[in-house]
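Please find the structures below.
The same subunit A turns up in both complexes below, where it pairs with subunit B and then with subunit C.
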Partner chain A sequence: MIDLKKEINERIGMDTILGLARKKMVPVHRHSVWYYMGGMLLFLFFIQVVTGPLLLFYYKPSADAAYRSITEIMVKIPYGWLIRSVHHWASNLMIAIAFIHFFSTFLLKAYRRPRELTWLTGMAMFMVVLFLGYSGYTLPFDERSFFALNVGTDMPGTMPVVGQYVVGFLRGGEMVGPQTLNRFFALHVGILPLCLMAVLFVHVVLVQVHGMSVPLSVEKKTALKKEKAIAKPMFPHLLLHDLVNCLILFGVLVTLAVLIPSELGQEIDYLKPAPEGVKPDWFFLWVYQILKWMPTYLFSIEGEIAGIVGLMLVAGFITLVPFFNRKAQRNELSPFFTMVGVISLLAFLALTAVGYFL
Partner chain B sequence: MNYLKTVKPVMACGIFFLCFSVFKVPELLCQEPEDAMTIAVTEIKEEGYEPPAGLSLSDVENARKLTNKRIYGLAVLWLLILLVIFLVRIQARDDEKLYWKGYYSGTNKLE
Partner chain C sequence: MRLRESLLSRRKFFIGSVLGGLSMLVAYVLNPVVRFLFHREKIPLPGAVKVAMSDVEAIAPNSARYFEYGHLPGILLKTERGELRAFSAKCTHLDCTVQYEPESRKFYCACHKGYFDDKGVNIAGPPPSPLLSFGMERQEDGMIISYQGGRKSKG
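For the complex of A and B:
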């Protein structure tokens, strides 16, 4: 009999990989739970990579066939409803966990030296994941996605200088039409996943190189007590915990897909006016609510333009936070940035709730 | 020798398929595609022809409905997940003991 383990080991050096994983230590403390978010995101991305191509076998990316093909996936294709619903819920959970990962990293100041690049790649992935969610929402080409495309592609138009070019690029013309669907399809299944995979690779490599960041409060407490920080090997400890998390996540995902399967709206009627109270998907509700509350004019600038420029400035500030937070770079506590994080989190939750319920 | 024992049947299968393709492929390639340019009779619209009714939103809503079969499937899935989690937890607890005994830090007190 062939010793399969030995044969595989001889070819790909499994022992070396496991040896490295055993040597890699992961700090254990009261904030360790936040370390699992990355693994869960990776697992959900894997689910998307598996279910996406399965849908691609039947989805027809043209304005006159897209809606019908989704109907067929839901009704005729065996387990099509389940695959589509799992894809839909996995994307929603992925965005939700990406938000948790973002806020936990921000609040624990895990972007401190030497992890600035890890933070920047994380922010880039966050943007791509949000855009992946939005582009996926538009693909059924039903009434909801049509109005989401109209509103969503109109917003970049308010950006100074480049706005109209971005709108033209996204729409493939002046108006939202069949060509817009083709562009969003290409972005959703080709360009964005490739970008995500490339940045993800760099992000994961950087996490492996620098290891997990230990929060300043934990570092100081350990130093004060003159205790040795507890660290456990990544393999098998962290991976076994990751496995349990992913199993529970998978169960939750399938449960959501079965209990609340993905919906499909009415077929597009190009002549129909936009219904009242059209809202974006939940992860953009906070943006929608801010823009809704903006006055018509703010300091003689159009309210919407002021809102979008303001949001872009905030996004820029958050992206470059490792370079602004000097105290954290010197390994000192920075309560101001903690406060910024807490206020941002509360504002995000409140605005999303208001946008959803009102 | 063991290695060859496994490889031999695979090679035999490979040779078989190769032979099959050598004899079959030219024949397949030379075949004229039948009725390639002919429109099937059923596709020609006649007077009074009505296209088959397409799928409607109510069909989609029916497909989304929660059935007993789906609830059963969900229950089985959760049972399996809980079983695997139980096994993984046993393994994790075992590893935890080994960790505290120094097995992973190179100060193995077991040996």
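For the complex of A and C:
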């Protein structure tokens, strides 16, 4: 009789891996709920990697067939509506949880030494995920896709020097046209997921190398009380927690997909004006609102340019925050950066709400 | 009769319920995926197609030309005596498209060297059955070629 467990173990060293996982401890404290976001994101990414290729069985990436193929997926192919809706909602949840993950790590200063690289890879993935979300909703090539493509590919044009090259690269021509769809298709199903996977690998390895970051306030409190920090083994405790989270998340995902299936707008008519109240997806509403509020001229700079350059400076500052926040690097509390985080969070929420309701 | 102790330990019952629930979940997930993937578009063959008389007349004796019968390639043969015969050009072996060889007066499939005679009957090589033949009706402006009037090749 073959001892399957022994045979497998001999080949892939399962015991060593499990032994390491058992030894690996994850700190438990009042902020440890934020540790679960990463696992949830990983799970949603997995859902996308499965449902995306499924959709490719029927989606036709060409300007004259894309819209009709999505219609077919929605009304003709068995469960096509469900698979597309799950893909749609998983992307929305992924972006929402990525925002939570981002704000929680920012506010808890999890980026402090030696985790700067983990932060940088996380920011890179955040941008890729946003771009994936954006490129995804251009693919049905409906009216909304068309105007999203126009506005979105026009914005990089305001960048000095390289702007027009980026616009040309994204559009594949002067204007948004049939060729643009193929570029966004290649980005959405090929280039961006591969980039995401590569950076994800580095990110996850770094998280394993450094272990979970414990917030300074918690570290100081345990030091003050001379208590031993509480921790649970990663396997099986944390893993089971993660599994339960994913199960709940999956339930939420399917419920949303069934009750609010993803929509398909009007077919593109190049000669029709932009429809009333056309807006980007929720995760870009804050950018939309800022650009809408920008005056024509701000200190003699064109409003649009001022807005976009301003946003890029903010993004740059946030990306490089581990190097600006000297106090956190010395393991001291840094209330200024906490305030920056809280204000950014409130501004993000308020702008999104205003953009949505007004 | 009451058992003194349960045949199932609490642990076994618990693990069984969890695994049972999970396998139901897997089934619920797989069902839509499998149904989605195995959807087959049924494109019915047209009842009949028309080949223009000018095209028919252009065929030299002892030669053939292809025509479209829906998504199926058809082949229209004019024999030495001027008799017209229409077949599906799909080889009955593995669906390659056959060609007419005037020298040997046979249909030939290049994929696996299958031969059919000029009546579409499989005579050499791997093809298991004759070519599907179509019925024909002469009209003023063309030949009406129909599936119904023909002979089935398989089954």
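In this text, the second predicted complex is superposed on the first by the 357 of 358 C-alpha atoms of A that agree within 3 Å, B and C clash if a C-alpha of one lies under 4 Å from a C-alpha of the other, contacts with A are read in each partner's own complex, and residues count from 1 in each chain.
As a working rule, a contact is a pair of C-beta atoms (placed from the backbone, for glycine too) under 8 Å apart; a residue touches a chain by one contact, two chains touch by 3 or more.
Quick caveat: nothing in here was measured; it's all calculated off a predicted structure.
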item: Which of subunit B and subunit C A:Leu259 touches, first, second, both or neither; value: first
item: Contacts of A:Ile83 with subunit B and subunit C, given as first, second, both or neither; value: second
item: Contacts of A:Phe57 with subunit B and subunit C, given as first, second, both or neither; value: second
item: Which superposed partner A:Gly310 touches (first subunit B, second subunit C, both, neither); value: neither
item: Which of subunit B and subunit C A:Gly211 touches, first, second, both or neither; value: neither
item: A:Gly39 touches, of subunit B and subunit C: first, second, both or neither?; value: neither
item: Partner chain in contact with A:Thr71 - subunit B first, subunit C second, else both or neither; value: first
item: Touched partner set for A:Pro236, first subunit B, second subunit C, both or neither; value: first
item: Which of subunit B and subunit C A:Pro178 touches, first, second, both or neither; value: neither
item: Touched subunit A residues, subunit B compared with subunit C; value: B
item: Residues of subunit A that lie at the interface with subunit B and also at the interface with subunit C; value: none
item: Residue ranges of subunit B touching subunit A (in the complex, touch as defined); value: 2-3, 6, 54-57, 59-60, 62-64, 66, 70-71, 73-74, 77-78, 81, 84-85, 88-89, 91-92, 95-96, 99, 104
item: Complex contacts: residues of subunit A adjacent to subunit B; value: 1-2, 22, 68, 71-72, 74-76, 81, 232-233, 236-237, 240-241, 243-244, 247-248, 250-251, 254-255, 258-259, 261, 263-264, 266
item: Interface residues, subunit C side, partner subunit A - complex; value: 31-33, 35-37, 39
item: Subunit A - residues contacting subunit C, complex; value: 54, 57, 77-80, 82-83
